[in-house]
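Going in written order, the chains are labelled A, B, C and D, and every chain counts its residues from 1.
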Amino acid sequence: MYKAGLIGVTGYTGMELARILAFHPQIELTHATSRQEAGKKIEDLYPFLRSCKIGSVCIADYNAMSLAKECDIVFLAVPHGTAMKSAAELTACAKELKKQIKLVDLSADFRIKNPETFETWYQIKHEQTDLLKQAVYGLFDIYEKEIKNARLIANPGCYPTASILGLYPAVTHDIVANDIIIDAKSGTTGAGRKAQVSSLFCEVHDNFRPYSIGGKHRHTPEIEQELSIAAQKEIFVSFNPHLLPVERGILATIYAPLAKNISLEDIHALYLETYARAPFVRVLPLGQLPETRNVRGSLFCDIALALDKRTHKLIVTSAIDNLARGASMQAVANANLCLGLPLDTGILHAPLCP
Amino acid sequence: MYKAGLIGVTGYTGMELARILAFHPQIELTHATSRQEAGKKIEDLYPFLRSCKIGSVCIADYNAMSLAKECDIVFLAVPHGTAMKSAAELTACAKELKKQIKLVDLSADFRIKNPETFETWYQIKHEQTDLLKQAVYGLFDIYEKEIKNARLIANPGCYPTASILGLYPAVTHDIVANDIIIDAKSGTTGAGRKAQVSSLFCEVHDNFRPYSIGGKHRHTPEIEQELSIAAQKEIFVSFNPHLLPVERGILATIYAPLAKNISLEDIHALYLETYARAPFVRVLPLGQLPETRNVRGSLFCDIALALDKRTHKLIVTSAIDNLARGASMQAVANANLCLGLPLDTGILHAPLCP
Amino acid sequence: MYKAGLIGVTGYTGMELARILAFHPQIELTHATSRQEAGKKIEDLYPFLRSCKIGSVCIADYNAMSLAKECDIVFLAVPHGTAMKSAAELTACAKELKKQIKLVDLSADFRIKNPETFETWYQIKHEQTDLLKQAVYGLFDIYEKEIKNARLIANPGCYPTASILGLYPAVTHDIVANDIIIDAKSGTTGAGRKAQVSSLFCEVHDNFRPYSIGGKHRHTPEIEQELSIAAQKEIFVSFNPHLLPVERGILATIYAPLAKNISLEDIHALYLETYARAPFVRVLPLGQLPETRNVRGSLFCDIALALDKRTHKLIVTSAIDNLARGASMQAVANANLCLGLPLDTGILHAPLCP
Amino acid sequence: MYKAGLIGVTGYTGMELARILAFHPQIELTHATSRQEAGKKIEDLYPFLRSCKIGSVCIADYNAMSLAKECDIVFLAVPHGTAMKSAAELTACAKELKKQIKLVDLSADFRIKNPETFETWYQIKHEQTDLLKQAVYGLFDIYEKEIKNARLIANPGCYPTASILGLYPAVTHDIVANDIIIDAKSGTTGAGRKAQVSSLFCEVHDNFRPYSIGGKHRHTPEIEQELSIAAQKEIFVSFNPHLLPVERGILATIYAPLAKNISLEDIHALYLETYARAPFVRVLPLGQLPETRNVRGSLFCDIALALDKRTHKLIVTSAIDNLARGASMQAVANANLCLGLPLDTGILHAPLCP
């Protein structure tokens, strides 16, 4: 049984991590931290975990040394900027203890390889560029081998997970030209568990709205970085997100001009082949389309392909659960891999539908 | 007081027409028809209209002559194919009675000017091409003058209303190139009031899904027709709809490559100017974005503009209430105009928000 | 045109008041106040009111003298405790100006006639007992005459409106015994527009929860006061509220032991008779049941009656829109009456359904 | 690995059974039947199960002999009336094959021990009274021992599960008098997966409504039967259901007059003691209240206690997932027990929250 720590238990990603680890057969959450909630038990904060073993874990103040001493792996579910600090502290403590601990960072701090790009988009200086160099981007469908050997994993963003998986086979095979549009829609857990008027039930329910339109969203450089690596050339995307009145779920509708004369059937075959050894990417049969509920609570990414022959576009629709695949369950999958466990340990469930 | 008939009271557009006419000061719904519900009162079918005068109107079987005899205006809220038949019958009866009656057709039967295009997309033959020639496309922000003189009004589709209004100033001023993508999202009233599993609460709620992806949706030719007229050249769009877990509301996110070097401020000024005399189009200040709830239950179309400078695209977001502006309230506005009443008679309400 | 002021425009009741007054033909909102939002226009805060005349009203800091000077009527949409202070200040200013202004208080401050009862339940001292004596309880279906002559109207609470109207005929006619249970369910606008985690979309959506179970809710004494007056004896109720994942709407299911041998048909006749001159109470035909959507955005209260013969209970179900009938539209109705206008001026709309 | 058959895969209970069995470590769904969908694979009907082993199971027409031959256990997820026929046929086939098969019936056919009571409430004759005598009521928190030895298990109804568990300790200890009211609210999966207008998204969403008010719901005799057994005297309840705009979840608010002078703390202690060996009943600490989301997708029943001291009532709130604990997951738990497996085999997951 590996011992896990969780820094930042009060947000939705922390909450989901606690949920997933509640019945994990080989990773036990033994330490959870939060400034505001220190002293409470997890079940006081999250009554749905009452009577689960994890429910009686006491939430503590953050203490790097104690985490480093007692944990095999630590999940960082804190805001960007804070995460890089904690990662550095935990690394220093582990060094002092002559011990290795694995880190899975759910923030954006170690996702962008170029610190200048990071600084441009996140408006803060990257202070841990040494750690940044060691970090592995945790998209296990692509980087499984690297993740197995990683000490610090940059868990991918939710929108990037859906977008990159949706485009990866197309860009690696030069099927599409560079003028790519991603129209993405996310459930409201993506907005976090902060008390703010714009996230109130009565401001979101029976409503739909765009935000950060026009290439302003911070997930843009992360998507571009990974697609550029895959394409071996610089790729630009116009990424535009919207807020859905659902709790979980992202659906990205991706429009890419066809770069060559190729049939939908052939593209489909390429996608199937690319993901043949990726058990959590489900390339749907032609004619079917994804729905967010089909992946709810699971690690699956459902991908469908269509051609708009009149306008020569490949249209990829890609659905994930933003909280599970787009954050915490992906983090646990990465934890599994870097601890030497099978990818799907403790997270192989059927989606909750309906 | 004008007397109105409504053919097809059982769908959501019929229901919404009844709702809107319930307190209209100059149009009185006196006849409502439905095959399944004949014999009931409107308030039996729609208890929310109990104790309103309209609630006691008896639903009858469809009878063209009786409608023609007793009504000044008839709304057709029946499926395409059926609507053209009724329009022809009502016209014939009116002729026989030597009387003029106005028709507002909420189906697609008289929207597409080219009968061959209609037949290609709707898979039925257009049997009333004479009437088709007389029909006026009922987008009053653009065709107000023609509607005032019309006898037969083709009420616009819901997606086309949002899409055309969103693009009209851009295409009339040659701001954008032809490679236009419309990523549209609609509330579920758009799927109709038919008993079908795919529209059940538990199949739609907390879910989001695309449909008719790849240029297959029948609203495509309607959008292209009106944009082509505005642009005075042939325009193609890739139109892709999605189903939202909300009752009312369409939001279209429109991506159009910039055709010239023009600032966002200048585009915004052009939009404001174009719609200066269109009281129900609200061009939002730069930096604001529309939300479906902001137009709920109203005739407003909210339009916002953004530029993605990195990829040289104009991104228009356009929101309407699919049932009100996209169907029945637009029909009443058109009825007002063709009966000689002010456009906003009986339909000037603040949106219901929250 | 009467001039109205609104103290507290930022909550849902203030928002709804602005919405309702936007197109009121005889009351014009000219002053709106808010500490946090002073300086903004109403349309900046509430974009759904853009292009309505009311949208351009500037939100100001609260200033009792300026309100008293320029308004004929002032709506108080501030928390209890604050409302009584403002009411006193406005009264003093009006006196100084030798002018009469009408006050409609949407808080609880003037609802409870007995200041000790108020203090027990609200845990603050009532500092305006003189004003309290002048206040009229604004349930116009019962107190229309008093409201017409009132200067200070205590606008009823949302739950009390549904509960009292549901029981009033039964208790006035001694049909039911004292052991009454009210199981009430409210939409989330009832929880206010405060930024708090428990009101976040992801904490309310696809969820249902009770709160204040066991006679702890502050609406209890308000319901008991009015029922006791109607019954001319002391009535106790067990009032138990629940939070619905809907925006607007209250449905109260009321269980009352039958006190006499009387048929359902006779009880129904008594309800119809009692409310014969109450145009906004709709006593449903036997066999029908209310739904919150049937009253959405309206002043209607829908009431249905059933008997559980096996357990000898009258079961009343009563539905209102908590924000409209349960707060702001009721306030406007009361304003209409006390200004000498017909009750339904500017608020006679069909419910928004769906 | 036990082999399981499922008669009736197309409803929500069948769908949920397939979902739960998808990754069950000891029961494999090998046969699924449906008249309308025969010939399809399960993953064609339920795309969320794609790439799970169960997804490739072919749906067949119902054939009692083939099910009896090849299955160790059969789940009946068909309407009442049909279930008793199938149970009889399967029993006869098993006899012929000299083989024992276990049956878990999710319909109401074997829940009511008295066939006359069944006939009164369900309006059909009970044709399998012999089987009825053998059936065990599958509420494992109470009848675990009987279930382990059962051949035919009557899986409890959803409302009865929440109601009986909520009242069981109180009635067994004579804490409450007989005048019990159950105000129950259910998610819409409870209405089934039939195509009907009243279950459409736009008829349920942002709405709340009662139904079968006044002791008319068929779950009444089931609740009364079990409470009467527990109390060892005849118990009557007034059971009144409502439809929630959520997918899963029942919350019952139960009002029972106190029959003796006992403190809330003592009642709480009795509840804790009664359920000390019932791992899936969570008696909440005093002061906490259940929420439907806290049990979503799980076998938990969350129970809270409150006293209304002013009116001398015990108020129990009890929450379950109607589809999981109220139907299919309870059925799998019963299957586990009667096959000799630990109760929680394959169904021990944390609730999906949010």
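Operating definition for what follows: a contact is a pair of C-beta atoms (placed from the backbone, for glycine too) under 8 Å apart; a residue touches a chain by one contact, two chains touch by 3 or more.
Given the structure is predicted, the values throughout are model-derived calculations rather than measurements.
Set side by side, B-C and C-D show the greater C-beta contact count at C-D. The chain with its CA mean position farthest from that of chain C is A. Mean C-alpha position of chain A lies 46 Å from that of chain C.
Averaging Cα coordinates per chain places chain B and chain C 36 Å apart. Computed centre separation for the pair chain C/chain D is 40 angstrom, with centres defined by C-alpha atoms. In chain B, the residues that reach two or more other chains under the touch definition are 12, 189, 202-203, 205-206, 245-248, 291, 293, 296, 354.
By the touch rule above, chain A contacts chain D in their complex via residues 12, 15, 19-20, 22-23, 46-52, 189, 205-206, 247-248, 279, 282, 284, 288, 291, 293-297, 300, 302, 323, 348-354. Residues 12, 188-189, 193, 195-197, 199-206, 245-247 of chain D are the ones that touch chain B when the two sit in their complex. The touching residues of chain B, counted against chain A in their complex, run 179, 181, 183, 185, 202-203, 205-211, 213-215, 236-238, 240, 242, 244-249, 251, 253, 255, 257, 289-293, 296, 304, 306-311, 313, 315, 317, 354.
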